[in-house]
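What follows is chain A paired twice: with chain B in the first complex and chain C in the second.
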Partner chain A sequence: MPPFELNTDISNRRDLQASDLTPYDAIYLGNPYCRVYEANFLEHVDELAEAIQQVKGEGRKAYVTTYAAPRNAFLGQIRRALEVAEREGADAVEAHNLGVLRICRTEFPGLQVFVGGFANVYTDVGAQVLLDQGATRITPNYELSLEEIGLLAKHTGAEIELLLHGKIPLGISDYCHLLEHEKAWGIQCPSLCQQDLFLRQGDWAMKSVGKGVLSGRDVCMLEHLSALWATGYRTFRLTALSERPAYRAEVGAVYRTALAAVAAGDARCPEAWWETIKRHSRIGLCNGFYFGQSGQAYVPARQEVRA
Partner chain B sequence: MSERRWQGELLAPGGSVAMVEAAVANGADAIYVGPRGWSRRRDAYELEDEQIRRCVEVAHAGGAKLRAAFNTHPQSSEVPALLQKVERLVEFGIDGIIMTDVGCIAEVSRRFPALTIHASIGANILNNEDIRFYREIGVSQVVADTKLTLRELHSRKHDLEVGIEILIHANKCYTYLGKCWMSPYHRFERAVDEFGKDLFRGSPNRGGLDYRVCLEAWSLYSGDTKWEERVALKNDAFFLVDDIPRLLDLGVHCLKVQGREYPVELVGGMVRFYREMINTYLTDRTNFSLPAWKARLSDLRVERDRERTQGTESLLQEARLPVLTAPGGCSR
Partner chain C sequence: MPTRAPACPILLAPAGSPEAAAAALAAGADALYVGLKGWSRGGGRGELTAEELKGVLAEATRHGRAVQVACNTIPKPTERAFLLERVAEIATWGVAGVIVNDIGLLTAIHRRLPGLPVTASIGSGALSWADAAFYEAAGASCLVFPAVLEPEEVAVIRRHTRLQIEVMVHMVEEFILLGRCLMPSYVRLQPQPLPDAPGDGQRLLGSMKRGGAGVCFKVCQQPWRLEKDGETWGDGIFPSRQLSRLADLPAYLAAGVDVLKLQGRSLPAEAVFALTRRFREGLDAALRGEPVAAAPAPLPAHWTAVGR
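So, the complex of A and B:
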C-alpha cells in the first residue's frame, strides 16, 4: 500500500465507466450539489451498489458522499443511500451536513463517517465536536489557511483530508439559475450543467454548475506538495465532479507521480506536468485560501507566477 | 385572541447605541448587537464592550432583551478570546448569544449553561436532524434559513421542542447563507485589530464584510463563446408581510428584522411598522386587512432599496481594490 491516499469524486455511472482510475486509491461516489444531476448515484441506488462493488473490486476504497445542503425532503433518499453503503460494504460515507452526521451515528453506527468540506469545520473545537460524534476524517472548510489547518490537526489529532487540485466550491443554492435558459438554448436539464459554463466579469470568473458555484481557477498545490508532505498530510483529494474524464485521468496521473516522488524525497516538478495541468485549466490556477490570501490568488513556491 | 397570547418577540438590529434606543422606543422586544470583530457585519456596525454595556441598560430599561451575535467562524487560536468576551458580556447582563461555529457553541454551552444560545442563520440549519444535532450541543433557538418553506417551518415547530426565529425583513441570497465563499475568493484581507482579532475582511462567514460579488454584472460563457450577456444570481431583499399572520398563527417564536447597516431612522420606522402590524393582527385577527399594511410598507421599501443599492455599488467597487496587508498583518 502506498504511504498516502489520493482520491477523487465521481457523480454517476457514465463518468465512472469513462474514467481511468489508475491514479486513485479511493473514490467518492455521488454528486453533493443536486438531486437531479444526471443519473446521480445518490438517487440511483442500484447503480450506487454496482459502483461500490466495481470500485472495491478494482482494489480501491469506495466512499459514498451525501448532499451538501439537504432539506427534510432529502433525508429519506439519503437514508436509502446509506443503507446501500452499509449493505455493500462501502469504506466510508461523507457527511457535509450535521444532521446527516447524526443520522449516521444514530442509525448506521457501523459506517465509518468522514466530514466533508461543506460541514464548515473552521476551528479545532468544532472538529472535536464532530470527532466526538463519530467522525474519523475531517475536510476543513476550504476557507482555512494551511496555518489554521495545521493547528486544527495538531490540537485534535484528526486525520485531515486536503484538496490538492480542482475547483473549490464558492456556494450552493436550492435554485438552478441555468433553468431560466432552457428554452433559449434548447438544452434541457440535466444536460444544462454539463456545458462547461463560466460566469465572467472582467478578469473575474466562476464556474456554474447550476445549484453550485465553483472557483473559476483550479486550485493547484503541485509545487507545494513537498511542504504538505513534510507537515505530515497523507490524505489528498483531486476534485473533478464538474470535469471531463480526461481531466480526472491526466491530472490525477500527474499528482500520483508527484506524490510518489515526494514520498521518495524528490520534489521536482517537470515541465511536462505543468503542461498537462495548464491544458486542463480553462481559467488558470490558484491556491484557494491555503496561504491566507484571496481564494483566486496563486502563490508560487518559486519566483514564477503560473496563474 | 388577545395580543398577550403571542409569547414571541420582535427582534431588531442594533448597529449602534442610538439604533438600540430607537428599536426599544419603537417597540422591539429584543435587539441584537455585534461585539466588534465577532459578528457577521462590517466592524463599523459592531460595538465596543462599553457600548454593549450601555445597550444592555437601554434594552432592560425599556423591557427588552439584548443579545450578542458571535455568529462567525473564528480561528482556533481566537476561541479563548471569544470565551473571555462572552464572559464579560454575561457580566453585563446580556440575555442571549447568537452563534454559528459548532465548537464555540459547545464550549459556551459548557461554560455558561444558563445562557440562551441561538444558532445563527449562518449555521445553515436545514432539516430536523440538524436541529436535533444543535440541540444536543446546547442550542435552544434556531434562526431558520430564508429558503425554508412555511410547511418546513411548521414541521420543525410541530416535531421539535425548539424556538424558531424567522427573518421577516432581510435579504435572500442566491446561495444558502453560511455556504457561500464568493466574496473572499475575489478579495480577502487578513487585518488584525488592536485587540488581536482578525477581521477577515471579505469573508462574511468569518466576520468580515460581504462584497456581494454575486450581484456583479456576470456574463455566461461556454468556452470562449458568450451565451448570455447578463445572468442574475438572485439576491433579493424581501419582506414577509404577507406571511406574518400565518407565522403568528404557527406560533413562531421570533420575528427578526435585519439591518444594522441602515440609518437609525429607517430601522426605527421598520420596527414601528412591524410592531403595529403584529399588535393589530393579534388584537383582531378576523378583521385584519393586509392590503393596508402592504401599502404602508411601500415607503419603507423604497428607502430600504435605495440604501441597499448604494451599499452594493460601494461594496463592488471596494471588492476591486488591491489587498494591501500581508496575511496576518495589522492594518489598524
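So, the complex of A and C:
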C-alpha cells in the first residue's frame, strides 16, 4: 500500500466505465448535489452495488457519498444507499450533513463515516463533536487556511482529507437555474448541467452544475505538495464530478506521480506536469483558501505565478 | 416518537437597534433577537453594544418579554475563549438564550452554561428531522428552519424531536441554501479587526460564516454571462425572493411550530413595527381559528425546483 491516499469522485456508471482510475487509491461514488443527475448512483442503487464491487475488485477503496442538503423526502433514498453500502462492504460513507451522520451512527453503526466538505467543519471543537459521533475522517470547510486546518488536526488528532486539485464546491441550491434554458438551448435535463457552463462577471468566474456552484478556477497544490507532505497530510482529493474522464485520468496521473516523488523526497515539478494541468484548466488555477486569501487567489511556492 | 405538550407559539422579532427593539415590543412581539456586536451573522449594522443590549433587556423585561442574543458567526479557536466569557457574562444579565451557528460552539456553551438555552441558527443549514435529531442530541434547545420548508415537512420533523422548532416565516430566500454558500469569499475576503476582541481577533468580511451574511459582498446579486467554450449562451442573475408565509401560519401552528421568527435586523424601526404588527395580527387570528388573509407569493418561473 502506498503511504498516502489519492481519491476522486464519480457520479454514475457511465463515468465509472469511461474513467481510467489507475492514479487513484479510492473512489467516492455518487453525486451529492442533485437527485436527478443523470443515473446518479445514489438513486440507482443496483448500479451503486455493482460499482462498489467493481472498485473494490480493482483493489481500490469504495466510498459512497450522500446528499449534501437533504430534506425529509431524501432520507428514505439515503437509507437505501447506506443499506447497499453496508451490504456490499463499502469502505466508508461520506456525510456532508449532520442529520445523515446521525442516521449512520444510529442505524448503520458498522459503516465507517467520513465528514464531507459541506458539513461546515470550521473549528477543532466542531470537528471533535463529529468525531465523537463516530466520524473517522474530516474534510474541513474549504474556507479554512492551512494554518487553521493544521490547528484543527493538531487539537483533534483527526484524519484530514484535503482538496488537492480541482474545483471548490462553493454552494448548493434547492433549485436548478439551468432548467429555464431547456427550450432555448434544446438541451434537456439531465444533460443541461453537464455542459461545462461558466458564470462570468468582471474578475470572477464560477462553474454552474445546475443545483451547485463550483469555483471557476481549479485549486492546484502541485508546487505546494512537499509542504503538505512535510506537515503530515496523507489523504488527498482530486475533485472531478463535473469533469470529463480525461481530466480524471491525466490530472490524476500527474498527482499520483508527484505524490510518489514527494514521498521519496523528490519535490521537482517537471514542466510536462504543468502543461497537463494547464490544458485541463478552463479558467485558471488558484489555491482556494489555503493561504488565508480569497478562494480564487494563487500563491506560488516560488515567485512564479502560474494562474 | 417523542411527544410534547402543545404550547402557544412565540412571535420572535428582529431588533438591530434599540429603536427597532422598542418598535417590535410596541407591535406585539413576544420576544426579540438581537446581535452581539462583532459576533452576529446579521453584520455590524444590526448589532448592539453591551450598553445597548442592557437597555433593550431592561425595556423588554418591563414589558414581560424575552431577548435572545445572536452570536452566530463562527469564532476562530483563538477567539473562542473570549466569546465564551462574553456569553457567560451576558447570561447573567437575563438574556433568554443565545443563537449560534457552529456545532462546536453550541456544545461548548451547553457544557459551560447548561441552564442557558442555545438555539442552532438558521445558518446551521438544518432541513430535516434527522438534522433535528442530531442537534437535540448535541444539546441544542431550539433549531431554526427556513420557510422553504412546507408545514407538512415541519409536521414530520415535529414527530421526531422534542426540540423547540423555530421557522423563519418571513425571510429572503437566496439561490444558495443558507449555511452553504462560499461564493462571496471565493471572490473577495477582507479581514477586519474584531471590535472588543483581544489579540488578533478578526471578522472575515466576505465569509458568510465568519463575517456574516449581513456583510457579505452579495456576489449572488451580480449579473453574469453564461459561457460555454468561450461563447455566451445566456445571461442572468441568481434568483432571490421574499418569502412571507403569513397565509400559512395556521398550517405551521398545526404542524407544531414553537417559534415564528421574522428576519430583518437591518430594518429601520418603522419597518420592524409594520412587519411585527402584521404577523402579530396574523398569529392572533390563527390562534382564534380564523383565516389569515394573505395570499402566498407564487413561485417565479425561474425558480425551478427539481429532484426534491
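Here, the second predicted complex is superposed on the first by the 307 of 307 C-alpha atoms of A that agree within 3 Å, B and C clash if a C-alpha of one lies under 4 Å from a C-alpha of the other, contacts with A are read in each partner's own complex, and residues count from 1 in each chain.
One rule holds for everything that comes next: a contact is a pair of C-beta atoms (placed from the backbone, for glycine too) under 8 Å apart; a residue touches a chain by one contact, two chains touch by 3 or more.
Just so it is clear, the model here is predicted, and its values are computed rather than measured.
Colleague: Quick one: chain B and chain C on chain A, clash or fit?
Modeller: With chain A as the common anchor, chain B and chain C collide in the superposed model.
Colleague: Which holds for A:Ser145: it touches chain B only (first), chain C only (second), both, or neither?
Modeller: A:Ser145: touches chain B, not chain C.
Colleague: What is the contact status of A:Asp20 with respect to chain B (first) and chain C (second): first, second, both, or neither?
Modeller: It touches nothing on chain B or chain C.
Colleague: Counting only touches as set out at the top, which of chain B and chain C does A:Gly126 meet: first, second, both, neither?
Modeller: both
Colleague: May I ask you to decide whether A:Ser215 touches chain B, chain C, both, or neither, giving the answer as first, second, both or neither?
Modeller: After superposition on chain A, A:Ser215 lies in contact with both partners, chain B and chain C.
Colleague: Determine, under the contact definition given at the top, whether A:Phe291 touches first (chain B), second (chain C), both, or neither.
Modeller: In the superposition, A:Phe291 touches chain B alone.
Colleague: Examine A:Glu58 and indicate which partner it touches, taking first as chain B and second as chain C; both and neither are also allowed.
Modeller: Neither partner.
Colleague: Once chain A of both complexes is superposed, is A:Gln195 in touch with chain B (first), chain C (second), both, or neither?
Modeller: Both partners, chain B and chain C.
Colleague: May I ask you to decide whether A:Leu170 touches chain B, chain C, both, or neither, giving the answer as first, second, both or neither?
Modeller: both
Colleague: Return first, second, both or neither, reflecting whether A:Asp46 touches chain B, chain C, both chains, or no partner chain.
Modeller: Touch partners of A:Asp46: none, neither chain B nor chain C.
Colleague: Enumerate the residues of chain A that count as touching chain B in its complex and touching chain C in the other.
Modeller: In chain A, residues 68-72, 74-75, 97-103, 118, 120, 122-130, 133, 141-143, 148, 151, 155, 168-175, 177, 180-181, 185, 195-201, 204, 206, 208, 213, 215, 289, 292-296 are touched by chain B and also by chain C.
Colleague: Residue numbers of chain A touching chain B in their complex, please.
Modeller: The touching residues are 68-72, 74-75, 97-103, 118, 120, 122-130, 133, 141-143, 145, 148, 151-152, 155, 168-175, 177, 180-181, 185, 195-201, 204, 206, 208, 213, 215, 282, 289, 291-296.
Colleague: Can you check the complex and tell me which residues of chain A touch chain C?
Modeller: 34-37, 68-75, 97-103, 106, 118, 120, 122-130, 133, 141-143, 148, 151, 155, 168-177, 179-181, 184-185, 189, 195-204, 206, 208, 210-211, 213, 215, 289, 292-296
Colleague: What part of chain C is in contact with chain A in the complex they form?
Modeller: It comes out as residues 74-77, 80, 102-105, 107-108, 124-135, 137-138, 148-149, 153, 156-157, 175-177, 179-183, 185-189, 206-207, 209-210, 219, 222-229, 233-234, 236, 238-239, 301-308.
Colleague: Quick one: in the complex, what on chain B touches chain A?
Modeller: Residues in contact with chain A: 73-77, 79, 100-104, 106-107, 124, 126-134, 136-137, 147-148, 152, 155, 174-176, 178-182, 184-188, 190, 202-203, 205-206, 213-214, 216-223, 227-228, 231-234, 323, 327-328.
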